[in-house]
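Let me begin by handing over the structure; questions about it come next.
By letter and in written order, the chains are A, B, C, D and E; residue numbering begins at 1 in each of them.
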């Protein structure tokens, strides 16, 4: 898991608790408010998405936070080495190496190329795969985006309930303040759910998706180059254009060694 | 109906009622507020869309929630089996099988292919169909989106009415609280309409639409492959690229048996 | 005028008046508030758009609400009958019939086809027409959208004016309530202008525009088919793909008779 | 300057002043509030854009409001007359006439055509010009859009400052009302800046840009037609498709005379 | 650094401080509020983006504010002079000059052209570079955009905490005002972070990115022209179309000398 993420989430919550200050913490724990604000927001989200997407979204989040994927630089080096071997020994020589490839997308692509599938068809199949991967990622992000919108909304619904109950019975002047405090807690929970939990997750998922798609596009470009028997130097040049200048140096440096 | 949906909607409402707590429930039932907030929002929505779209939208919702459509995996298997038969016995052999197909879109497409219609024209006709299906789904979602926007707006209009009436007559100090409570109930109704009813429906409709469109695009790709007499293995490869990795395995596993 | 529209607008206003209840209605009529909220919003809108677009927009609204245009089904039948005649008697036979066509767009298109204009050029001219029609419709909707945004904004400006005046002179405690009530009325007017008038009009205009564009695209497709001498059955198949399944049956049923 | 614009801006301000009523006007003039709300918003905008764009934006606004450009109808007539001359006397005959053309874009285009530049290159050069003109207009509008967003934001910052100062020192109960009134004035200023000044300007600029781009696209289409030696009647037909039906009649009527 | 930027940021803060007035400044310095509003917003942003993007974003901001890049006019003059030399001495003559070019993108492009790489491939490589440069810039802007959204959100969370604590303990009537003042300070901090710091930075980054991309597109167009051996006058004409009319004159004037 990205260290920045752990630090970010931890700090956000510690700072909020620090703002409340420990002795007052009890005033901010109110189960009924929790049920309306968080429970209501989660329920509306459950109603809005099919069950399998909801379950998938947990997997997507887990992937985005925990799985260590190969970097673009690794992929480029691997593809350039494939291009060198294909140049020397013919594309069929890649058949054995394809079996070692762990990434499903890259393996399928190389096998298609080795099988002599037409380039148009390879591009078609792999592009469709990329398009739908993107779609699935967007759907994962959408679930947390929806939850982020529902949080403050159900928070406000809870606050309205609290206010109506309080205003309907103002005989006990003493209790007005504390009742209003309780009414505001649902909005507090809803805001926290949205801003300290869901929106950072949405951003994280989008960044993770962009990275995944970038890597798949890199692989697609590389596979098409392998298929058409491009010069390894050209393959490298084509693929490093995907990288930021800093990483490009990394590819070159390693090669120079 | 998707179990998650039932659970989601039920929980959202139970949690709100729990937040109110049963003995206080009466304080939240106020027919005039209901008329302004919900009635006003529905009226504005009725004014905004043509009558036939409003009626259609009910059908679209019913479809999205209740109709059990074939899954992409089923469709792929069916198309691959058609491809196998077309390979063995010629595309004319599909004429009889097309009659058994229940899906109108798939049936039309296969009949066009069997009739020897030019591939460009088949693609044209089916793509137009997909584009307009998407448009109609968007319009269904738009109606509930509009209602979701009108809910809190008419809720606020109701609250403004309540506040103006209350502020204009503050001689009876006792009644200020309860009057303000009543004023807030329209906002409560409007928020509930938007967040616990309409927005989850909008999301559900969009998901349902994406699924429908995905299936139609699958069928289009499959029909084009049938028409051009593709190898069934290629057809399968092309079509499984539309699926998420988990489902791809499902297609393959079944085949292996 | 669409019955749903009349019912929608009437109900929205009746429900608001019902919420106010007739004896209190006088409290909601305040000409200065009307001048700030509605007058200010309209003035800002007048400043934002050129005079001729503002005048056009009234025409666009009138069209959207009152003009009864031919339905897509009528257009398809007409185009199919043209295709049949062109098949039998040659495309020149359509010259006389083009004169009876009321729709300017369709008439121009058929005359271009009869004159033997190159298909590319016909498509160019008609597509440009469609693109600019869409643009003009969007501009009409934009004016009401802008007005819908200005309504609550000038409503709030009015409320701020009322609050500043009230807060600056709080010696007469009795008058605080009524003064604040008056201050809120501008927001009430602005919200009503936006939600009960402008936003439904915007939606209506957009729906009307989509329908107009759909019909023009239908005509374009049909004219191109006429020009290339397509088989009437193909023309029908191409054009019915634009319709929703229910209406498709309508085209077919009529034909079967 | 468009009369509607003068009337719109004047009315918006007169109505606001009328709402305040002259004897109370002094209560709404508070220089420190003006500095925070308007000064802060302008400062943030200055910080957000490069100096040359800020200066340009003033020119763009001046153009949008004051410069009287030729109408599309004039341009079409001019282009059709060029097409007629080019037909009769060859495209080189336009060399002399190009010098009289005041519009830089049209002049460049005709000179390119006269010089015998390849059509692809002419299209390339002129399209690039159009794309960047659009971009520059968007940037002008963006500056006022940003200012419109900053107005209410710095208004709220000012109100927060006022409230904090007031709440921190509530010993003098008499002064609470007037202090709060002053606090609200910054929000009033910010809202006025956004809604009565900036947003109408943004809309105006966008409309002006669309008109400019439309005229340039007309010219591009006309120049390409000149270059390929199209029949003047065809040129007219192509170009009138850019116009709204009402203006088309204007082109034709004039011709009929 | 752009002078307008320094003036803008300085004025925004001076005006806010002026609004507070120096003797009251202490009332607006409250470390716990600072921790919740700014600390919370920064923490959530840290959680939302990968560590390397967060660090990069600082570099991007530094570039956008401090680095003095060549202007489009300089680049055009350089490319035209390259075109002249390539015309006279052949494209290989550019090999030596490419080494003097400081811009990495331009250098790579010219080297590819000199090496005789196929035009399609050059375009491919350079376009990919442009697309990913744009993506990286967008990601930098996104981080500050996210921070701008988190500022007011954590400001409101802080205010809710303050209000709940205050309302839960209203026995000391004297302290209600000051406590509420403190509660509002978090919202003040959050608004300031968003509007006086982050949003201007976002706008600045977007403008900087557009300028960078424009320059890279200029270079790409120029390199493609060099490669295909275009006439220097054509190169100049193609490239000046990227400029605003004022700058075009600058290119021409210089040449005329």
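We adopt the following convention: a contact is a pair of C-beta atoms (placed from the backbone, for glycine too) under 8 Å apart; a residue touches a chain by one contact, two chains touch by 3 or more.
Remember, it's a predicted structure, so these values are computed and weren't measured experimentally.
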Shortest path length from subunit C to subunit E (each step joins two touching chains) | 2
The chains touching both subunit A and subunit E are none
Which angle of rotation, from 0 to 180°, maps the CA atoms of subunit D onto the equivalent atoms of subunit E, to the nearest 5?
-> 70
Are the two sides of the subunit B and subunit C contact the same residues or different ones, given that same means over half of the numbers occur on both copies?
-> different
Please report how many Å separate the Cα centroid of subunit A from that of subunit D, as a whole number.
-> 40
Chain centre separation (subunit A, subunit B; CA means) in Å = 25
Multi-partner residues of subunit D (each touching 2 or more other chains) = none
Treating touching as the only link between chains, describe the layout with one word: line, ring, star, complete or other.
-> ring
Contact footprint of subunit D on subunit C as seen in their complex | 32-33, 35-36, 39-40, 42-51, 53-54, 56, 104, 112, 117, 121, 124-126, 128-129, 132, 135-136, 139, 142, 146, 149-150, 153-154, 156-158, 160-161, 163-170, 186
Subunit A to subunit E touching residues, read off their complex = 2-5, 7-12, 15-16, 18-20, 24, 27-28, 177-178, 180-181, 184-185, 187-188, 191-192, 194-196, 199-204, 207, 210, 234, 237-238, 241-245
